[in-house]
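What follows is a group of structures, each given as structure tokens.
Two complexes are shown next, each including chain A; its partner changes from chain B in the first to chain C in the second.
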Partner chain A sequence: MDLEQLRKTAAEVASREDVKYLVGWKPGTYGYRVAPAFIENADGAAELIFSPLCTANLATYLTLVEELPVPRGQEPDDRKIALMVKGCDSRAVTQLLVEKGIERDEVVIIGCPCPGMIDDCLLAEKYPETEEPAEVKWDGEDFLLIRGGEETKVARDEVLAEKCRLCRYPNPVVSDITLGEEVETWELGEDQGVKEIEGKGVDERAEYWAEQFDKCVRCYSCRNVCPLCYCQDCILDRLNPTWVNRSVNFSENTAFNIARAFHLAGRCIECGECERVCPANIPLGKLNRKLAREVRDKYGFEPGVDPDAEPFQASFKPDDPEDFIL
Partner chain B sequence: MSAMLLNKEKWPEFVGKLAGKKIVAPQADGDAMHFAPVAEGEAPALDYNNTRVPPKGALFPQTETMLKFQAGGEQVEEPVLDQETVVLGLRPCDARAMAIVEKLFKWDIDDPYYVRRRELTTLVGLACTEPGMNCFCPSVGGGPASTEGLDLLMVDLGENYLLEAVTEKGETLLTEIKELLEEADDDAGKEKDKLVAEAEQKIKRKVDTEGVPEGLPGLWEDPLWQKVSASCLGCGTCTYLCPTCHCFDIQDETEGFAARRCRMWDSCMFEEYTLHTSGHNPRPTRKERTRNRINHKYSYYVDKFDVIACVGCGRCTNLCPVNIDIIETLRQVNEAL
Partner chain C sequence: MSADFEPNIVAFLCNWCSYAGADLAGTSRVNYPSNIQIIRVMCSGRVNPLYVVNALQQGADGVLVSGCHPGDCHYMEGNYYARRRLGMLKDLMEFVGVDPKRFHMSWVSASEGHKWKEVVEKTVEDAKEAGPFEGFRRRQIDW
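== the complex of A and B ==
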């Protein structure tokens, strides 16, 4: 993608009177990090980038806005938030529209067709991270790593993020402005993670997840990074009644993780952010993708692709299969 | 006992001598390391950079059961702390963090849980020879072979570990295993100094703390807090993975008719952390919460205990999902001062 075009468009949007700020990506402070950028005016747009390291789904910032009570005599700031989205991110926005978590006129969506993102952990395994921030570009089918004045070609297959191997929507499904050309979809890999889970017997599966949930430190980064975990009053924070105890042990950790997975069934748009941010390395993607697959297979429903769809968990069809109801 | 050498071939024997005590050491968990109890008869490998979750839980467990009771019952059961523990291979930064946090837990009253656990625990550290990319311990008063907080320091000299007792507890441990040890000669000391100097050279990132503790309160309304916290998700990664973060909450929990009173790690980055019963929250947004986190470490703690409550381990920076980098934050603080 042409960075000049991106920055020019962003500068125009950020200086619009009806736009409060624009959320995009900027280079991080070290290694392979990229940081979210909040741009309030045309000048700020100069730091924006779009690269194979822009894995983060910024749609979470639409519902993470903290609003203090408006002082007497002042008007609330109702201006729009502009957001840069990849294909997967745009599905989160669409799902938010479906659920009325946001209204269409509250956002300006800048779509970035996405040729695929890098898993920075895979990249770091092959090319250890250093203090110097590195630059990565798309280079035909592959990637180009640029640091310390040196360019290294990195094969796509070695470092492509798992969510991108399975991605069916590289182009934004909703946008006001689209930057650059649409990208062609690519051949999908098999979902090895879900296949592995499905290959296990019930006991083995229980044992596997017990081991995983045991590692959970309950930092709630998975919940907070998730663009679709936006309840004002989360079941996990309630103290009266306490639905999930704060104690960190297998039972409570399991209650938390299962509650989150079920609340996301038919809503998760498979952006993989929960798994990316988990400090305990819990493979949350497998869990959420398994549920997404169940909903897709059983009900033919896919979240975040049609802004006019009825929310899956709030709709009923007379011909819904009921083969799991006793 | 002066500095001693332990041939690495005798490492399993050394661990074997600790039988009867609970041994906690770094263990592999996929591609990440974490501290966990070692199974009997096993000798943990110590060649690792650092764990994602710090070993602070050895003295300050994420969930500590203070007492148990039954609905309708009259008995209150208090768990007895009597398990002798050895933490093997913790990094000097993490041990230093324990020494820093101990100042608080021994401040106005002796915290019975922390102090008792520290009495029961021997901390055997391993000097760093391969610091991580976001390590900055020398900037905040530590170093790759700092002994603060440790009972015994080990240095990996290749074929041997160099063992130096720091406290009486460390001396006692050396005496218990003395038949495995050899007296270290001058060369070993020189080798250690060389390795430590090399490790220090490898630490590239730095923070300038000069004037920060005194200057921070003056930056209360500075726009930098809005800038730093704009992308914050409000999760507990930075605080839960911080070896010096020590905030806790106490809650009563029930399971059927059984109940327990627990104290558990809390995080100042959580929304309900300072939420009052009235509904008022003195730290209503992530801006105030981020400001508090930095102020607590770099100003309030210095005010009270004369030491910065950050040991430069780099975990918050390594694992923040949105690249909030404490080194960069402190650079911005310095710029604003």
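== the complex of A and C ==
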């Protein structure tokens, strides 16, 4: 994608009168880091980037923003928020529209067709991260790592993020402005992670997940980063009734992880943020993808595609599968 | 597991059909296993999937949710929602390694005392096969 075009468009949007600020990506302070950028006027647009390191889903900032009470005599700031989205992020926005988490006229969506993102952990394994800022570009099928004046070609298969291997919507499903050309969808591999677990017996699976959930430190990063976990009154914070105890042990961790995954059943748009931010490296993406696949195969429902759809868990069809019922 | 293992089963029954069905089984003197602890709820759609998880945490070896037949719900559509949600929960629990024999769902109407007996027998039999639930049950913590 042409960065000049991106910055020009962003500057135009950010200087619009009805736009409060624009959320995009900018280079982080070191290595492969990329940080979110909140741009309030045309000048700030110069630092924006869109590179294979822009994995973060910015849609979460739509609901994460703190809404302070408006002082008496002042009008609330109802200006729009402009947001740069990749394919998966745009699905999060669509799902938010479905759930009335946001209204369509509250956002300006700048779509960035995405040829696939890098998993920075995989990249750091091959090319250890240094303090020196690095730049990564798309180079045909592969990636180009530019650091200290040196250019290194990185094969796509080696560093492509798992969510992108299984991505079916690289182009934004909803956008006001689309930057650059639409990308072609690529051939999808099979979801090996989920398939491998499904191939195990029940006891083996329990053992596998026991090992994973035991690592959980209950930091709730997965909840906080998720663009679709935005309940103001989350069951995890609630004490009366206490749905999930706060103690960090295997039983409560499992209950928490089941609850988290279940609350995203039929809502998760597979942006992979929960797994990316998890400090304990729990493969949360597998749980989410498994549920997303069940929802797709059994109920023929796909979240975040149609803004006029009914929410999955708040609707039903008379002929839903009931083969599990005695 | 020992042959004389008696499972604890928590059953969430809807007030209008299944609870009345279980009541009918009682008044008709139908014999069925006594492993079941019934919790009456107003509708199967009221059963939060986390109830099931919580019951297992607190020492249940199996959970049964029972409601009206589709189309018969007192609240018109509560059991349809329950079917969707609990169906997903069953898939999820199976995926994280909870034996699918531990969680059952059934439709029992107020006139089906004998069906209730069959459902309970099946649930208890399955829970016995699966054995005591040790998975993510809460352990007593020694301070």
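As a convention for this text, the second predicted complex is superposed on the first by the 326 of 326 C-alpha atoms of A that agree within 3 Å, B and C clash if a C-alpha of one lies under 4 Å from a C-alpha of the other, contacts with A are read in each partner's own complex, and residues count from 1 in each chain.
In the analysis below, contacts are C-beta pairs under 8 Å (C-beta built on N, C-alpha and C of every residue); 3 or more make two chains touch, one makes a residue touch a chain.
Owing to the predicted nature of the structure, the values given are computational and were not obtained by experimental measurement.
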Going by the contact rule set out at the top, does A:Ala35 touch chain B (first), chain C (second), both, or neither?
first
Answer with first, second, both or neither: which of chain B and chain C does A:Asn249 touch in the superposed model?
both
Counting only touches as set out at the top, which of chain B and chain C does A:Ala259 meet: first, second, both, neither?
second
By the touch definition above, which chain A residues appear in both interfaces, chain B in one complex and chain C in the other?
247, 249
Of all residues in chain A, those that touch chain C in their complex
197-198, 202-210, 213, 235, 243-244, 247, 249-252, 254-255, 257-259, 261-262, 265-266, 287, 290-291, 294-295, 298-299, 312-314, 316-318, 320-322, 324-326
Chain B-facing residues of chain A, complex:
28-31, 33-36, 38, 56, 60-61, 64, 66, 68, 121, 125, 129-131, 215, 217-221, 223-225, 237, 239, 242, 245-249, 273, 276-277, 279-281
Given the complex with chain A, which residues does chain B contribute to the contact?
29-32, 34, 52-53, 62-63, 133-134, 204-205, 230-231, 233-237, 240-241, 249, 251, 253, 260, 262, 264-265, 267, 270-272, 284-286, 317, 319, 321-323, 325, 327-328
In the complex, chain C touches chain A at residues 49-50, 53-54, 57, 70-71, 77, 80-81, 83-85, 87-100, 104-107, 119, 122-123, 135-139, 141
